[in-house]
Amino acid sequence: MNWIYALDMIGTLVFAISGVLAAVEKKFDVVGAFVLGFATAVGGGTLRDVLIGTTPVGWMNDTNYLILITLALPLCFFAKKYILRLPKSLFLFDTIGIGLFTILGLEKTLSLGLSPVIALLMGVVSATFGGVIRDVLSNQVPLIFRKEIYASACLVGGIAYLVAEYLNAGHPMNTFLSIFLVITIRYFAVKNRWGLSFNPRN
Amino acid sequence: MNWIYALDMIGTLVFAISGVLAAVEKKFDVVGAFVLGFATAVGGGTLRDVLIGTTPVGWMNDTNYLILITLALPLCFFAKKYILRLPKSLFLFDTIGIGLFTILGLEKTLSLGLSPVIALLMGVVSATFGGVIRDVLSNQVPLIFRKEIYASACLVGGIAYLVAEYLNAGHPMNTFLSIFLVITIRYFAVKNRWGLSFNPRN
Amino acid sequence: MNWIYALDMIGTLVFAISGVLAAVEKKFDVVGAFVLGFATAVGGGTLRDVLIGTTPVGWMNDTNYLILITLALPLCFFAKKYILRLPKSLFLFDTIGIGLFTILGLEKTLSLGLSPVIALLMGVVSATFGGVIRDVLSNQVPLIFRKEIYASACLVGGIAYLVAEYLNAGHPMNTFLSIFLVITIRYFAVKNRWGLSFNPRN
């Protein structure tokens, strides 16, 4: 369980940094930067918890989340230029984050007895809606609605997890391989600029 | 109960189509189209369920909602031009949807023991906030805040239902006539471009 | 307890008026004005209640909130010019509102057994997120993300309350002095245009 907790913390910090950097670009003040970092980091899981009814929402039971998110402020303040020089590693951490958040969100929903297809949807929501809330709060059209493959990578990873659990329930490799699949798809999607445009025939 | 379920499904599909078409106009990708269709179709009922505390939210207990909403994607993709030729029938279905969603939302809130005036508000929220969430997610000022009579038709229908229930509790015609009243008001509002502007004296 | 209830009602009405006036500026209709007034007045407390899981949300149990918010519509319609002439008193009431909402939100969260730091955060959310929701619904970047000291005043008042409770639990002056502190900070922040910009080194 320890490596999952570590990945969860890394994912939370990286998401928070992405929110704070978005706030810097919009010239928000400290409060705006904190709120945007916070919303990006925990927004997806929070929406999932509210919808499935596990309240108080998850991050309220472990102040490490709040500490890490707050840490993103001085990190961005003092080390912004170093962070911006590390796009590849950040991108990797972000992708680890969405992979992990998808599977954790899916497992949490399943554990309440909800159907696998709802659990799949909640997994994707957990991974992607932090970014949606960040974009809504900074008055922009959510990026994931028109960017390269992002939610779709989570979806495929979530389906792979469900299939693996069906074939071989409880095997620890299920989680690991599904996360790895999300990372792989996302990696090639960014590299090759894959997209899923939706242009109905006229 | 069967005709109510059928109307609920029709309303859900029509709302989902309206969300997907809004996504097409904004040049969103498949993910954006799905999220916008989903949010439009179940957003109002979801907000109501979260506020009154009946979680997991309603659509999680019946995957037919998810199936119908997903169906809106291929429907819009392959038959967009036919759909756009049917404004009148779509408008009718949409209106049936808001009428029904108002009364169902009102009944659900009442059944929790909340006061009639709160139930009325939650009825209107059920019917209209899917569209509000759709507009917020696509970075627009919500249409119902400045369009012709829409929420107000739901409000009048909801009041009529409460009065009818007070006079003649449990009569099946109460639901039917209230929905019919919403449709009628909305029909004449659109036809005659009724509005409720709010211009305070200076 | 009576003066707290009175301040709560005054804060609710003033927040509702601020929402209705924002709707007037955006040329919304009656529905938009009501929704914006409503969201501004109860949005923060509603988000808090949903996150900590005390549903149905607070204002559903006391229709006085709904009545006062509705009252903001005729008040703004008939007396807009008098209201706009009273910026100072309105500003004072608004500040009383955020001070009180911070402490009440903090106390409610603590009473559920959540940690003080989460309670502090929920106190600030209670006071400030009504305005955030108002701005998101009217398609604007939330003001508190780049305005003068606002959320920060709530934060300091909340910390003072926690310290006072730690030193002298249950003393009625704790609430009073914390609210007074929020008002004082906010007063000097507006007067001297204090801000907390966030400009990372490049």
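Labels for the chains are A, B and C, by order of writing; each one numbers its residues from 1.
The criterion applied here is as follows: contacts are C-beta pairs under 8 Å (C-beta built on N, C-alpha and C of every residue); 3 or more make two chains touch, one makes a residue touch a chain.
All figures in this text were calculated on a predicted structure; none of them were measured in a lab.
Visitor: Since chain B and chain C share one sequence, what rotation angle in degrees maps the C-alpha trace of one onto the other, as a multiple of 5?
Guide: 120
Visitor: Are the interface residues of chain A and chain B largely the same numbers on each copy, more than half shared, or largely different?
Guide: different
Visitor: Where the centres are mean C-alpha positions, what is the separation of chain A from chain B, in Å?
Guide: Once rounded, the distance between the two centres reads 30 Å.
Visitor: Give me the residue numbers in chain C that touch at least two other chains, ranges are fine.
Guide: Expected reply: 50, 53, 55, 136, 139.
Visitor: Within the complex, which stretch of chain C touches chain B?
Guide: Spelled out, the residues of chain C in touch with chain B are 23-24, 26-33, 35-36, 46, 50, 53, 55-57, 60, 63, 66, 73, 76-78, 80-81, 136-139.
Visitor: Spell out the residues on chain A that touch chain B in their complex, using ranges where they run on.
Guide: 50-53, 55, 112, 114-115, 117-118, 121, 132, 136, 139-142, 144-147, 150-152, 195-202
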